[in-house]
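In the two complexes below, chain A is the common chain; its partner is chain B in one and chain C in the other.
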Partner chain A sequence: MKIRVERDVLAEAVAWAARSLPARPPAPVLAGLLLKAEEGQLSLSSFDYEVSARVSVEAEIEEEGTVLVSGRLLADISRALPNRPVEISTDGVRATVVCGSSRFTLHTLPVEEYPALPQMPEATGTVPGEVFASAVQQVAIAAGRDDTLPVLTGVRIEIEGDSVTLASTDRYRFAVREFLWKPENPDISAVALVPAKTLQDTAKALTSGDQVILALSGSGAGEGLIGFEGAGRRTTTRLLEGDLPKYKTLFPTEFNSVAVIETAPFVEAVKRVALVAERNTPVRLSFEQGVLILEAGSSDDAQAVERVDAQLEGDDISIAFNPTFLLDGLSAIDSPVAQLSFTTSTKPALLSGRPAVDAEADEAYKYLIMPVRLSG
Partner chain B sequence: MRLVIARCSVDYAGRLTAHLPSAPRLILVKADGSVSIHADDRAYKPLNWMSPPCALKEGTGEEEGVWTVVNKAGEKLIITMEEILHDSSHELGVDPGLIKDGVEAHLQELLADRIDTLGEGYTLIRREYMTAIGPVDILCRDAQGGTVAVEIKRRGEIDGVEQLTRYLELLNRDPHLAPVRGVFAAQEIKPQARVLATDRGIGCQVLDYDALRGIEDDKLRLF
Partner chain C sequence: MRTAPTILHLDMDAFFASVEQASKPSLRGKAVVVGGLGPRGVVATCSYEARVFGVHSAMPMGQARRLAPHAAYLVPRFELYRSISEQVMRLLRELSPLVEPLSLDEAFVDLDAGGAARDAETARLAGTKLRTDIRTVTGLTGSVGLAASKMLAKIASEAAKPDGLVLIPPGTERAMLEPMTVRTLPGVGPATGDHLRRAGITTVGEIAEAGEDELVRLLGKAHGHALYAMALARDERPVVAERETKSVSVEDTYDVDIHDRVRVGVEVGRLADRCVRRLRASGLSGRTIVLKVRRYDFSTLTRSETLRGPTDDPAVVREAAARLLDSVDTTGGVRLLGVGVSGLADYTQEDLFAQAAGDRAEEPAEEPGTEPAEAHSPSPAERRWPSGHDVRHTELGHGWVQGSGLGRVTVRFETPYSGVGRVRTFLVDDPELTPADPLPLVADTEGGAGQPSSGPLPLPASLPKSWSGGGGAAATSRP
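Coming up: the complex of A and B.
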């Protein structure tokens, strides 16, 4: 193999493909990055039996071929190279990387021992990269991080014709986002549970492309696989087994009061007041007509109080939240105005965004948050 | 175990010399010959002690009230009794040892009780399933009827995976059970252990002791 490729193109491609290299490879070949040069394209792939990644970039190919080299090393090298064209060639068991006046000789790993990457399933539909990334970002924050409940570490993707619903929960909050897409088959109906962390990384990496192709194959029974493709990058990941609880019943439909607050001053106030909230202690919100009082801390320790303008329709209410969970939700609604709907101080509250104070709430994204019980 | 409470002073002569002035103290003379002198505070570490093997000699005649404890290296612990307030001996017998694995045993019991923690449709075959090289913590069947051997640990480390691998090899020789799949269950699984387990096709299950015990935190939850 002998190829020439732009340094920035190479560095970006290697960095992306190397992210899914296993931290503790059970076999040495899995620490490798597979470089394949053919038909004017250089493709780089990595695989750890869970997640596979493949990226193709333009390259000048003098001699086609395939080589497997240590991914970490190649990533470190390509990041550090000067901004000149990079030449990669192989000679027996060695690969040479030449750029400007630097020259690296790497050991190659046996290509024939490298496992075959899973086949990309057939495309299920497409969605603009930006829409997908923002939707995943909004939902994945609510996913659990606790391995004792693996189901909750996933984001549930539900496809129903031309609408896609993402959902995740850690039992204290529940985030749901709906968006429209272009399905290949207008009657499609499918559900998949994708590891949240992988999905977040993937969605972020694919924003540069116009469109992201989602490809879903099978579901349940551990054989399920989902693929994403966009901007010359392709990644597949194994699905999680199981399903989230039926969330439609968790979301209340009737409320006793609805508060409307401008998001930016609200976020600032929560952040300030939360400074005195010790770990695992809440921020208390008291809504009255026209004003919201935020409080945190206890009388034996530091305390903070702040007032923010708020419109309240319905009964006055005092309710307490974990400040991190509240802030996560407020940043996720991504709207200038926040709407909080309550039933009682021990029942979940529904957070959604409004484009303006007197506009209707945006129904596409909902963040359900469980309050913290107030003692005394 | 001989317990003596006495007003005494103690001198230690050996690599280091030490002197404890006269005061009431507790002196323990244990069955292995060791002697330790305690003050009325702290739960561990005597003021002075002599580890076994050592010999206690109670002085007579002019030496009355002087105890000398000598070890092999010739170091001496000299206790000069002024007034003995209490002196009693008790036969304690052999100690069963500290049971550190209480949690492990309890986890086994709890998991057997709630075997569906491993997945829907799991049924218990038995706890402590005996093999020629020792008992497997739990043997059960998954929803498809396949046999599953479960090794339970508090902290899941490499040796736990090795242990389960040995059981699996043996169990898979039994045509009535084979094929037997392994599940490594622990409250915490070390990354190395997880890699090894996954590489050997053994599933990993992190156990929540509190949830298994039915101890719920008082936080409000959606479900």
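Coming up: the complex of A and C.
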């Protein structure tokens, strides 16, 4: 193999592909990055049995071929190279990287021992990269982070015709986002549970592309996998087993009061009073007509109080939340105005966004948040 | 360290056994042993008459029975002990706001803080009055130690036992400590004692002589420094009114090892419920769920899981405990199981799924009448009539269970205020016989002992370790 590629192009591609390299590879070859040169393209792949990543970039191919080298090392080297064309060539068991006056000789790993990358499931539809990334961001925030209940570390992707619903929960909040996409088959119906962390990384990496292709195998080949493709990058991820608990009934439909608050001053106020809420002790919210009083801390320690303008329709209510959960939700609604709907102080509250104070709430995104109950 | 002996240590004499003797005239002056009566039970307290035979607390019940076969063996009546303890603690709080309860029958009081005493003379007066008051209100005796530090006050009350008062005048502490065995000092048990003895140190005086460096070399930094300070009678620990509860836990020892995995799971669920009831009773919640398993070979494992927010939801605790149990191999059988909650807080993070599911079961399942320890009893009758517990007969009045078995129950009809009563035997299912609440020990005191309790208390074979954090006061620790 002998190729020539722009330094920036190489560095970016290597950095992305190397991200899914396992920190502690189960087999030595999995620490490698597979470089394949053919038909004017250089493709780089990595795989750790859970996630596979492949990126293709334009390159000048003098001699086609395949080589497996240490991914970490190649990432470090390509990042540090001067901004000049890079030449990569192989000679027996060695690979040589030449750039300007630098020259690196690397050991290669046995290509024949490298596992075959999983087949990308058949394409099932496309969605604009921006839409996909923001939806994933909004939902993954509510996913669980510990492995006690693996199902809760996933984002549920449900496809029904031209609508996609993302949902995740860590049992203290529940985020749901709907968006439209262009399915290949208008009658498609599928459900997948994708590890939230991987999905977040993937969505972020694919924003640069106009369109993201979602490839979800219904049944048969590639089952248990989901694939994403965009901007010359494609990645597959093993799905989590199981499904989230049924959530439709968890979302209350009737409320005793609805509060409307401008998001930015609300967020500022929560952040300020939360300064005295050590280790996520609760922030208490009291809504009365026209004003919201936020309090945190206890009389034994520091205390903080702040008032914010708020519109309230319905009964006055006092309710407390974990400040982190509340702030997560307020940043996720990504709207200038927040709408909080309550039934009682011990039942879940529903957070959604409004484009303006007197506008209707945006139904596409809902963030259900469980309150904190104060004893005594 | 203060210069006046104004720290008081009160230790009730053979508390549980004395309560039993006070409420059962036929047992006065007799050997009484209170504790778990199952095959794996231990002695909680025994009367001084029983101590003559060599019975002491924490001894396996079987050994006690061999040493004192004719003693009365009774199942503890914690409700009653607790209510009497409250009467005593109330008297202590009248003396000073700084009362540090160590258990139901033991507490430190800072007399100076309450202005009850300023010097040796007033301290002795306060101590004497306290002993009289305790006797009037509860009919029981307690021993009082007075000294300038907690350690010495406790040593003094030990020396005062039974039914006495000892005051250690400041300035005489070292001379008094010197000839005493090292085991007198708190923190010196059999192991440290042996260790010191091998180094030729048997008395407190010898510790002082050996010097701090030698002690640290022998016992390590923390223990060495602390012990040396104590040997010089230096103890600056203040009396702390409310010790923070750090965790709430319950455990059960089983008469027979449990092998059945399903049964283990059921027991863990039951313990989780009981633990949550305790937690809720004190208005607390916690983030960390701890499971304790002692296996047939005494190997003891603890596993814990920390939630993102504190909970007092029985479903959440039960679920977490069950998950923890999944990681423990119980194939050889288990003899003890425990469930605890730590990382306590006074608020709970509500859980979506538990609330949705909990609309069906808001409260932890009520404790079924059968307790694990008694589940192996040969007949259900013995479960209903624990030895020593109160009963009422429609005609013969108040009495207590002297024993039961073979379908019969023997009751002695007497009350704290009567003379020695008569014994009658009934069929266990005699409709005229019902469980009753304990009677107050002293007929005419306000409140306290006579408060209604929920019938005979079900008890495991060994005493449940209720408050790992001591105190028992509803204190809160903020994580």
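Note that in this section the second predicted complex is superposed on the first by the 369 of 376 C-alpha atoms of A that agree within 3 Å, B and C clash if a C-alpha of one lies under 4 Å from a C-alpha of the other, contacts with A are read in each partner's own complex, and residues count from 1 in each chain.
Please note the rule applied: a contact is a pair of C-beta atoms (placed from the backbone, for glycine too) under 8 Å apart; a residue touches a chain by one contact, two chains touch by 3 or more.
Please read all numbers here as calculations on a predicted model, not as lab measurements.
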Combined model on chain A: chain C and chain B, fit or clash: clash
More chain A residues in contact - chain B or chain C: C
Contacts of A:R171 with chain B and chain C, given as first, second, both or neither: both
Partner chain(s) touched by A:K248 [first = chain B, second = chain C, both, neither]: neither
First (chain B), second (chain C), both or neither touched by A:P26: first
Partner chain in contact with A:D147 - chain B first, chain C second, else both or neither: first
Partner chain(s) touched by A:V372 [first = chain B, second = chain C, both, neither]: both
Chain B versus chain C as contact partner of A:P348, first or second or both or neither: both
Offending stretch of chain B which, after superposing on A, collides with chain C (from 60-68, 96-104, 114-122 or 168-176): 96-104
Contact residues common to both interfaces of chain A (with chain B and with chain C): 146, 148, 169, 171-174, 245, 250, 346, 348, 368, 370-373
Contact set on chain A toward chain B in their complex: 22-24, 26-27, 49, 146-149, 169, 171-174, 241, 245, 250, 346, 348, 368, 370-373
Chain B residues within the chain A interface of the complex: 119, 189, 191-192, 195-196, 198-199, 206-208, 211, 218-223
Interfacial residue positions of chain C with respect to chain A in the complex: 283-285, 305, 308-309, 312, 320, 323, 345-356, 478-479
Chain C contact footprint on chain A (complex, rising order): 146, 148, 169-174, 245, 249-250, 278-282, 298, 300-301, 320, 322, 346-348, 368, 370-376
